[in-house]
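Some notes on the structure that comes next.
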Amino acid sequence: MPQPAVILLTGFEPFGGEAINPSWEVARALDGELVAGSRVVARELPCRFGAAGEAMRQLVAELRPVCVLALGQASGRADFSIERVAINVDDARIPDNGGAQPIDEPVVAEGPAGYFATLPIKAMVAGLRAEGLPASVSQTAGTFVCNHVFYSLMHSLRQHPDVRAGFMHLPLLPAQASRHPGLPCMPLPLMIEGVRQSLHIAATHHGRDTVQAEGQVA
Amino acid sequence: MPQPAVILLTGFEPFGGEAINPSWEVARALDGELVAGSRVVARELPCRFGAAGEAMRQLVAELRPVCVLALGQASGRADFSIERVAINVDDARIPDNGGAQPIDEPVVAEGPAGYFATLPIKAMVAGLRAEGLPASVSQTAGTFVCNHVFYSLMHSLRQHPDVRAGFMHLPLLPAQASRHPGLPCMPLPLMIEGVRQSLHIAATHHGRDTVQAEGQVA
Amino acid sequence: MPQPAVILLTGFEPFGGEAINPSWEVARALDGELVAGSRVVARELPCRFGAAGEAMRQLVAELRPVCVLALGQASGRADFSIERVAINVDDARIPDNGGAQPIDEPVVAEGPAGYFATLPIKAMVAGLRAEGLPASVSQTAGTFVCNHVFYSLMHSLRQHPDVRAGFMHLPLLPAQASRHPGLPCMPLPLMIEGVRQSLHIAATHHGRDTVQAEGQVA
Amino acid sequence: MPQPAVILLTGFEPFGGEAINPSWEVARALDGELVAGSRVVARELPCRFGAAGEAMRQLVAELRPVCVLALGQASGRADFSIERVAINVDDARIPDNGGAQPIDEPVVAEGPAGYFATLPIKAMVAGLRAEGLPASVSQTAGTFVCNHVFYSLMHSLRQHPDVRAGFMHLPLLPAQASRHPGLPCMPLPLMIEGVRQSLHIAATHHGRDTVQAEGQVA
């Protein structure tokens, strides 16, 4: 019997003084699930420049996924925030978990300035909203380890445009927000449901992405 | 057998183009529950100046509650937002559900400028956070029907300082936020849990409120 | 020859790690000016609970102004922010300049919960906007020394409803904002012009305040 | 006598219901000025997809500038907001001035996903702040005509890495913000001063850009 195709779903270890990272909690909750006939394989990434990108490249080489969704935590964001573009720069406001704080260094030397996600990001946003789940397209994944992993992922797949890959930021969990008054949050079951739906859309949407304005004036 | 004491919990009908109001969804979910030996009685209020305040006054007179928590929807807020003070003014940016749009009219003619909540608001915030639930003290309940009801409530209890009463704003539900990209939300089960906890703290906290800074510089 | 009537204009000393406070810079720039036939008298207040309120009471008693505008700095606000209501509570997130950090103490023991400004706040907002200056009504002056002074001012004038009095928050100056990336600012000349216009409106607007919705839903 | 080198400074015509665009007001105020020995040449661009990019390409070809700064209006931003990266996508939330509303179309067919500004953006931010002017690096120029022009500019200079080029967003003017309560603004003289300083830094900073963290976690 043939093995099902693999959907790689990554999350990060905690960082920035937090004891938990919702991205990994969501990923591991979905590990092993079948989504549209494909098997979700969840992996945790270190929150370290270099090591995280390298881990992603190895996972892609090893697992040969048909779809990759990397998840990350975005303190201050309120919804399923699907990234449009990864850029070739590390510019860290705070040190990563290994103490490194690169400033204006490329993720990949000689790599292009940016890569667009190859996920159907508009279809994902539209599909989540149709289920009553809050979602939006983000025009920047920042310049920290999340963007680093996103760029590394897209670079490693640059010869494989058929593999749908991209990045989604998640809000804080309620327990995290309880220590940062005023910041939005989302409980874990809702996150899991939204990511499950997102993977389903990513795996089943065919052809060109949905045409729906999700841009930003400035 | 004596009847248990009554905790009055109110919510509003939908307004502002919404088909649902989380405040009433939460209230009705808790209707009839026993909290620290008291019975929760849930009632829905109209989103209309005048009528909502009158309804609140009648409920207080009829039910003689030992505790009152009025709930309202606050688009844009992210947590359990416990109001500190009600002010004696109606100033409506949008018409209420009856088409009225009072501007700079008193809630109660000749009433004082403001009333403080008599709930242990700091203990409630501290208690919610200790359970991993996001909460904060708000310094303004606005000038729409929520503040109108809050002021009417406190005015009707001005001779009964032993009755603990106040107002809590809730975020949008996820399905509402899915139509207002970028706004924070909270799913109903989490809202219900937080309000249940809040009622428990309000009903069981004795003596002076917890001393914990929750102010705002400006 | 009779002395012109007095308009009292106060500002604060710097606080919160700043070397300058725009509120005092504006006040002193207008000291001595004639506005609609009245003389502006500028005074600097300490950023200390108790002392600032006491200083305000003494200034009112000594100068017998026909109009009082107290100015304060509001990091994060973007326009001429005219306060609607002062509340009877000190709740300090940070220590004041004397190291005091009162929590949930009344500004005036046995004082009422709140006082409304007696300035024509809607006329001021409308007038400023008509001159192309950004302005809004604020529903909370916070719970720090600004609110403390505002409440003290209104309490000291409670028997003199004919004296128009209130509070306006100002944004940071550009040099301050240059050290707090992302926060709005306003240069001093624009602030001075807006406060001058505000005093003119406050001194010349007669009868009931302009009726214009400037409320907040929540 | 040799002609001085040219610094091209562009601004946009008004859009989005505004009667004025600060970007062009600033540019035309600096037209003809000498900055570090170079001549500022100001040009107004249409707020139209396609036409604006084409105009920029022609200006670069015609004027052969040593430095290009394109300016744009960013409602909601508070400071001199220097863009890091242009991306190859048009995604318009609102129609442009010609009624076009492209969604997910490339700025340049077959162009790379992104281009980094070649201005010394960190030195510019640091230099502005040192003068007490509020400035920051922005990680996204949006997906409207501003990004379209920025991308077109960088694409037209892709073979000329010696030409320093980039984009800066400016806040609303006070008169604009007076009609959009709560939005930050900056008066024209301050904008002019900040752009003048920026051009000076761009023209005189040599070698590698200043190393200073201005990144964003997410």
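For reference, chains read A, B, C and D in written order, and residue numbers begin at 1 within each chain.
Assume a residue touches a chain if its C-beta (ideal position, glycine included) is under 8 Å from a C-beta of that chain, and two chains touch if they have at least 3 such contacts.
None of these values were measured; they are calculated from a predicted model.
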For subunit C and subunit D, chains touching each: none
Subunit D and subunit A - chains in contact with each: none
Farthest chain relative to subunit C (centres taken as mean CA coordinates): A
Residue-number overlap at the subunit A/subunit B interface, same or different (half cut): same
Centroid spacing, where centroids are CA-atom means, of subunit B and subunit D in whole angstrom: 47
Interchain centroid distance [CA atoms averaged], subunit A/subunit B, Å: 37
Whole-Å gap between the CA centroids of subunit B and subunit C: 30
Two or more partner chains touched - positions in subunit C: none
Topology of the chain contact graph, where touching chains are joined (line, ring, star, complete, other): ring
Contacting chain pairs - touch in the sense defined above: A-B, A-D, B-C, C-D
Footprint of subunit B on subunit A - complex, ascending: 78-79, 128-129, 131-136, 171, 174-175, 177-179, 181-187, 189-190
Residue ranges of subunit C in contact with subunit B within the complex: 16, 72-77, 84-85, 87-94, 101, 103-104, 112-116, 122, 139-144, 146, 169, 209, 211-218
